[in-house]
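Going by the order they are written in, the chains are A, B and C; count residues from 1 in each one.
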Amino acid sequence: MTRVGLIRLVVIAALIGALELACRTGLIDHRIIIAPSEMASALWTLLASGSLDADIARTLGLIGLVTALSIVLGFAAGVAIHALPRLREALDPFFATYYAVPVFIFYPVLIAIFGLTLMPIVLIGVSTAIVAMIIATLNGLDRVPRVLGKVARVHRLGRIATALQLQLPAAAPYLFTGIKLAVSYGFIAVIAAEFILSPAGLGRDIADAYADFNNRRMYALILFLLVVATLVNAVLHSLDMRFAARRSGGRA
Amino acid sequence: MNAAPVQRDVHAELKGVTRIYSAVPGAGAKLPVPALGPIDLDLVRGEFFAVVGPSGCGKSTFLEVLAGLQKPSAGSVSFEGKPVSGQVPEGIGVVFQEDASFPWLTVWDNVAFGLRRNGVAAPEMRRRVEDALAFMGLKDFARAFPSQLSGGMRQRVCIARTLVLQPRLILLDEPFGALDAQTRLLMGDEVLRLWRRTGATVLLITHALDEAAMLADRIGAMSARPGRFIEVIATGWPRERDSTIVGAAAFGEITGRLWERLRGESLKALGHSDVAALAAE
Amino acid sequence: MSTARRTADTLLLLAGLVVFWEILHRAAGETAMPAPLPTFAYLLHNLTTPRFIANLTTTGLELGYALLLAYGIGLAIGVWLGAHRLSGAVGEPILVSLYSLPKITLYPVVLLIFGLGISGKVAFGALHGVLPVALLTMGAIRAIPPVYLRAARALQLSPWQTITIVLLPAALPEVFTGLRIGFTVTLLGVLLGEMFASKEGLGAMIIDALQLVQGEEMMTVAIVLFAFAALANGLLFFVEHRLRRV
């Protein structure tokens, strides 16, 4: 491990240790925050009991579904929009403002239309995540070097072969950025939707535990979600690093 | 000097070729822009032909029309007796000015790209790729990715990727434009070696007069846009030659002659209005 | 392509959205999705009622305080991590991973610490905004070419002059990008806060309207929020553009 990595680990450990100490000595009221060790043990008990399994499956399944739909549909939409320059120019202002407006505010509207089913969550999740994938796809296709088109013709490649063998790999780093964002947005939208209004799911569990003053359960659930989100981000980040290291190292 | 032997083996031929671009969007004026020609040229089988001219004169357009990447607006292009139009014929290889190596493939896979496309059997492919890598001095970098190489090495990868397909006409579009002067001289030696070994016809586009004078059997000096050949100079170099000929007296003469023809054109390309007066100084 | 045609195309798409809304209304029914026209009428009629203005003021106030906090803390952290190399190397990955966490999970914690009133929502909004401001400020300071510092020394500028004439203008455009993005996510944070366990503000209004089956009110609040966010973003974007040109 590098020196910087070591320092970072020490800093994080010190922060957690300080929180632990503050909770143990009563400096922080246990009705506000419980000690990190207690969160961990509460989570362990909760996971071992199996009572959380259904909600974990539901929430992570929803996040997976939302992310997959956003990536596939966003990529297809991106390719289509890239092929229609006029539509694209008309859409550009929408793309530029999309993440500046709180699209999430439509979640209650979707509930009014579809009721408290899975549909509103999936729709709000996809609406949040898909645009990042569309923008990333457009960006990636824009950055495919023009010379690759000429190389394709020198090798007498057809349209599909050009797309699969040259354009797709050339745009891949940008597409991966889109995938990372889609995962992140999918996560945020699904949890937020569950938290605010939903019949089940981990977000709902947290809200319930908060309402019941059940801090052990609440902090266990929060810890679980934060750990899962951090793990997913770490995996995506390391994949990204591996691609980047061999593809762009030293390239101007 | 414009020596045309009575019996020559014409490999590629351009007759009355012009290229006119329709108005570029956003450029204001809607007038069509003549970019090239008219051009008449015969490339003799096995010769090394260089094209020099001021920037923006249409050199690259010329190469792309010859390669079949662009259609001529008028006139005809033929390669090995067959007309070229809108498609790159088998037997022509092109190396571009921009870095066209595939960053997602190793050097080995970059070079093997065309052979894989053509369905060449594995043992044959391995033999040809290793051969091309060895010839271009890339043997030790077979497993490297282009991003780990210098600009000159990446351009070698592109040359190897072309060479491995055994093209009979190799078109080089300012392949060394982005390299420093010394590296360019050395890459010139590589190209001469390549030319001698493959026996292919080579057409090199360059803006460097010394590069053209050192490498080519014949040099076409191109005018400012729309590009036409204002003179074709035969150098008379022996087939066995390398970059040391930059010390020869004839090298200076050829370079001087080229500059004499191109100075006015270069000034025009720079946008000087009183070209005649400046050129006469 | 001419600007006029592009604008026309964009307006056409906007009109398409309204048509889509009308179709949705026909498909979903009156109670779930009101029609566009009655909604706009409702909007004009209710925009000036005391109830609406009170909620608008609450949200505005919360957003203002949250921005003050997010900008102040974010800029301080950003300057520190940008100027101090080791701190930056240690801190950046921590900030980046915090940035991509679903912060809504932390809202109960914020509520336990700050209570259900305005301060909880302000804190939650600021929690969202701090990270992008800090990250982009750090990036802006790191991206200042070292040659600027050498040039400043060659010109024998005082440290204060170096900061005000060289470093600040060099970093400003990107810092401003951070402020713009910070604005967006702070607004989102404040609204999310209002949507959960709150009785005041536009976010709470939407949830109340959902429970009272008040489709027009929901759409009205959504439109007002969209218009406000888009306008503010456009304004900040304009300023940012001007800064970049300098």
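Keep this in mind: a contact is a pair of C-beta atoms (placed from the backbone, for glycine too) under 8 Å apart; a residue touches a chain by one contact, two chains touch by 3 or more.
Since this is a predicted model, take the numbers as computed values, not measurements.
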* Asked: How would one label the connectivity among the chains shown: line, ring, star, complete, or other?
  -> line
* Farthest from chain B in C-alpha centre terms, which chain would that be? -> C
* Closest chain to global C-alpha mean, per-chain Cα centroids -> A
* To do: Using mean C-alpha positions as chain centres, tell me how far chain A is from chain B in Å, no decimals.
  => 49
* Using CA atom averages as chain centres, what separation in Å is found between chain A and chain C? -> 19
* To do: Would you mind pulling out the distance in Å between where the CA atoms of chain B average out and where those of chain C do?
  => 54
* If you look at chain B, which of its residues touch at least two other chains? -> none
* Structure fact -> Residue numbers in chain A touching two or more further chains are none
* Structure fact -> Residue ranges of chain C touching at least 2 other chains are 1
* Contact residues on chain C for chain A in the complex? -> 1, 6, 9-10, 12-13, 24, 28, 31-33, 86, 89-91, 93-94, 97, 100-109, 111-113, 184, 187-188, 191-192, 195-196, 203, 206-207, 209-210, 213, 215, 218-219, 221-222, 225-226, 229-230, 232-234, 237
* **Residues of chain B touching chain A in the complex** => 64, 67-69, 87-88, 90, 92-94, 96, 98-100, 102-105, 113-114, 117, 145-148
* Please name which positions on chain A make contact with chain B in the complex. => 145-148, 150-151, 153-157, 161, 166, 169-170, 172, 246-251
* Asked: Any idea which chain A residues touch chain C in the complex?
  -> 4, 7-8, 11-12, 31-33, 85-87, 89-91, 93-94, 96-97, 99-102, 104-106, 108-109, 111-113, 184, 187-188, 191-192, 195-197, 203, 206-207, 209-210, 215, 218, 221-222, 225-226, 229-230, 233-234
